[in-house]
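Here's a structure for you.
Letters A, B and C mark the chains as written, and numbering starts fresh at 1 in each.
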Amino acid sequence: MKSVLPILTIVGAILLIWVVAVIPMNMHLTADQAQRDGLVVTPATPAERQGYSGLGLSFANPDLIPLTYNLDRPRLPSPHQVAGEMWDTIALRNVTSRQSLVYHGWVTLSSTLVGFVIGTTLGILLAIGIVHNRAMDMSVMPWAIASQTIPILALAPMIIVMMGQFGIQGLLPKAVISAYLSFFPVVVGMVKGLRSPDAMQMDLLRTYYASASQGFWKLRLPASVPYLFASFKIGISAALVGAIVAELPTGARAGFGARMLVGDQYGNPLVTWAALFAAAITAAALVAIFTAMERLTLRRMGMAAA
Amino acid sequence: MTGPALISVLAVWAVGWFINAQLAASRVADTRIVRLLVPVIFGLTFVLIWELLVRMTGVSPIVLPPPSMIAERFANSLPILWADFQQTIIKGAMTGYVIGMICAFAVAILADRSDFLTRGILPVGGFMAALPIVGIAPIFVRWLGSDWQSKAAVVAVMVFFPILVNIVAGLRDTSAMQRDLMRTYGAGYWQTLFKLRLPAAMPFIFNGLKIATTLALIGAIVAEFFGSPTVGMGFRISTSVGRLALDMVWAEIVVAAIAGSTLYGAVAWVEGRVTFWHPSQRK
Amino acid sequence: MTADTVISAQGLNLTFQTNDGPVHALKDVDLDIRKGEFVSFIGPSGCGKTTFLRCIAGLETPTGGTLTVNGMTPDQARRARAYGYVFQAAGLYPWRTIGGNVKLPLEIMGFSKAEQAERVARVLALVDLAGFEKKFPWQLSGGMQQRASIARALAFDADILLMDEPFGALDEIVRDHLNEQLLALWARTEKTIGFVTHSIPEAVYLSTKIVVMSPRPGRITDVIDSPLPKERPLDIRDSKEFIDIAHRVREGLRAGHVDD
């Protein structure tokens, strides 16, 4: 708990930088608007103002600064505008409405979760195979590790199109992308976890003449639990990124990715920013849920000092 | 699926697997060559089955191009692929990676003198690293234009947090005994930093740098989905997908895979040189 | 080799192939251990004492000679669960309570639930850990953890107990105490014990037979049958007999050194 104050300090500093940055970022737009509204702006014409930096223009027009925080279509929305937009689209809309971020969030989240479940299940199964079969280990493991170094996310648009050609649309193609993004981290993490018992532990089981399945259930599997949760946390964030990116290049009409794209294309930055923050909150919540589950499980297993 | 296709696919699989099972069970299984050969055979088997499946079943090569078609496309499009590579990897990803890394080092060193700040940076940075930061791409494209500068900015932000967290965590990873030893020498802050804490932090720092290579490529490619000049890997992927030229998409993915593993390998190579003393690097 | 011989090694050899060429870990080892003996293996590191114990346990395969345990090959003996093994570290599962750890071999060997509970209670009492059944390993001191691992080795009532430097990581006061307890336990259970150590007083205090070994190649240089009585209070270590045996062990170790 002693890090609460430092964390708040860092978050406060980030917010402060954001709030200050709003002024120069939005000053040109504000000045143009103020001119149209008949206020006195120095210099007087947009062409002349192009020669100024945002900062220089702010110093020339200090009385316009408050206006930079309330533009309809700002370059950089201020924190209260983003918060307001989020309040609007999360709390004040019916959750089934296309205007509701909860609706879009659920679209993204559902394919994330479906994909995550598929990816982690397959990942755990493959890891079990790798640990028990040497040929599988030598054949597959180098590829699983190499897959961590290449941007497999780039496959996303093609998966959507390929599956679309077979008439599969909607949740499933996105789930497939989430699945393969969470699959590899889980394979690598679980293999590490299932191999984490040291030679002495394995020898102990040999002195008992324990079978391979007894070794798996009594030693390897429980020993791998901390690694499993670490992989889950990586996997779920990767799955969410996968689902969002899958919504981008394909003209999806719902989901966080679609909202970001819509806000961008219709010049409505507030929509983009609200979707971005909602996605970040979703990711944080998912990771937090797994962290809590991890803590609970490890404590119940006696692996974490209470 | 037709009968002959099924039989030939199963036959190829059986042969590949038989060779690998024999190699893995043989006495030479632990030699370098076999360790390399087994995954290569697995990969070749996989590619061969892919080729057979597409050719012998009715799958349209438009939907799933066979490897031979991808290889042909790759060979015929080298100038385009090279231009895309330069635009996305060199200008976008690498520039952003270097900027993000420099910023992370600067912030880490600045914050390092205050225990209060590091205790705040670690959880906040770790939290940020888990977020879908790639979503800032449309905003940056709007601010900085559609050329590589906006991609570099996205990459810089994406790689910043994991590198920062690893530097800060690494700098804290010295034992009280090691620090006391430096104190008995009357070493100052900078001496302790350069003689003890930075070298001790290197395994952490390289871990962050390695994670960041993949993030950099993802950022540079995905950011191009939001707007780019008519060159770049992300641009080529999204337009080729639109024209159903999936062989070109696969060719770009091959480039991305080669670039990704090369970058990672390069960082890992430097790591091996710098942290040769660490247990994980010793042979 | 007599009728009550439990472990018998004849011309035992073990060579490891390493990158630096073959290493002769055991060379021409002959040894008979009779039922109920407490045998210590002592020598500098690299003398093959742990390797020999692992051969008896069937964890390593000798490259030459014969080795029988209860008249079987070591591997058959392992499958028959003929011995309990105690490692240098307690190696308790952090996710199991002390009782759960002791129960582990019983579960693997298929004892009934009722018998598991009964045996766990009995062996924990034997090592003075009654009442700690529900604790987790990290809530116990190092000495108590090692006692729990001994209880784990005793739980399935094998006649042989193989111990590989079980007290090596503990401080001297705790070690003295555990040595006393181990002797009492041995007297009560009449097990045959093979005990690897690099402490001369520990070897002399515990053993009825001391096997002195030396390295490169690993071999036996002396076998001392202890004249000390079975009842051994701690202050027996100040007696003339004790000091004489300790001296002979030290001589044996030194002789082994001159050879290389």
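Basically, a contact is a pair of C-beta atoms (placed from the backbone, for glycine too) under 8 Å apart; a residue touches a chain by one contact, two chains touch by 3 or more.
Only a predicted model underlies this, so the values are computations on that prediction, with no experimental measurement involved.
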| item | value |
| --- | --- |
| Chain ID, smallest distance between chain and overall C-alpha centroids | B |
| Far-end chain from chain B, centres as C-alpha averages | C |
| Best-connected chain pair, where connection means C-beta pairs in contact | A-B |
| Distance from chain B to chain A - Cα centre to Cα centre, in angstrom | 18 |
| Centroid distance [mean C-alpha coordinates] between chain C and chain B, Å | 50 |
| Centroid spacing, where centroids are CA-atom means, of chain A and chain C in whole angstrom | 54 |
| Of all residues in chain C, those that touch chain A in their complex | 54, 57-59, 78-79, 81, 83-85, 87-89, 91, 93-97, 104-105, 107-109, 136, 138 |
| In the complex, chain B residues that touch chain A | 17, 20-21, 23-25, 29, 34-35, 38-39, 41-43, 60, 62-64, 116-124, 127, 130-132, 134-136, 138-139, 141-143, 210, 213-214, 217-218, 221-222, 225-226, 233-234, 237-238, 241, 244, 246, 249-250, 252-253, 256-257, 260-261, 263-265 |
| Residues of chain A defined as touching chain B within the complex | 2-3, 5-11, 14, 75, 134-135, 137-143, 146, 148-151, 153-155, 157-158, 160-162, 165-166, 233, 237, 240-241, 244-245, 248-249, 256-257, 260-261, 263-264, 269, 272-273, 275-276, 279-280, 283-284, 287 |
| Footprint of chain C on chain A - complex, ascending | 200-201, 203-210, 214, 218-219, 222-223, 225, 301-303, 305 |
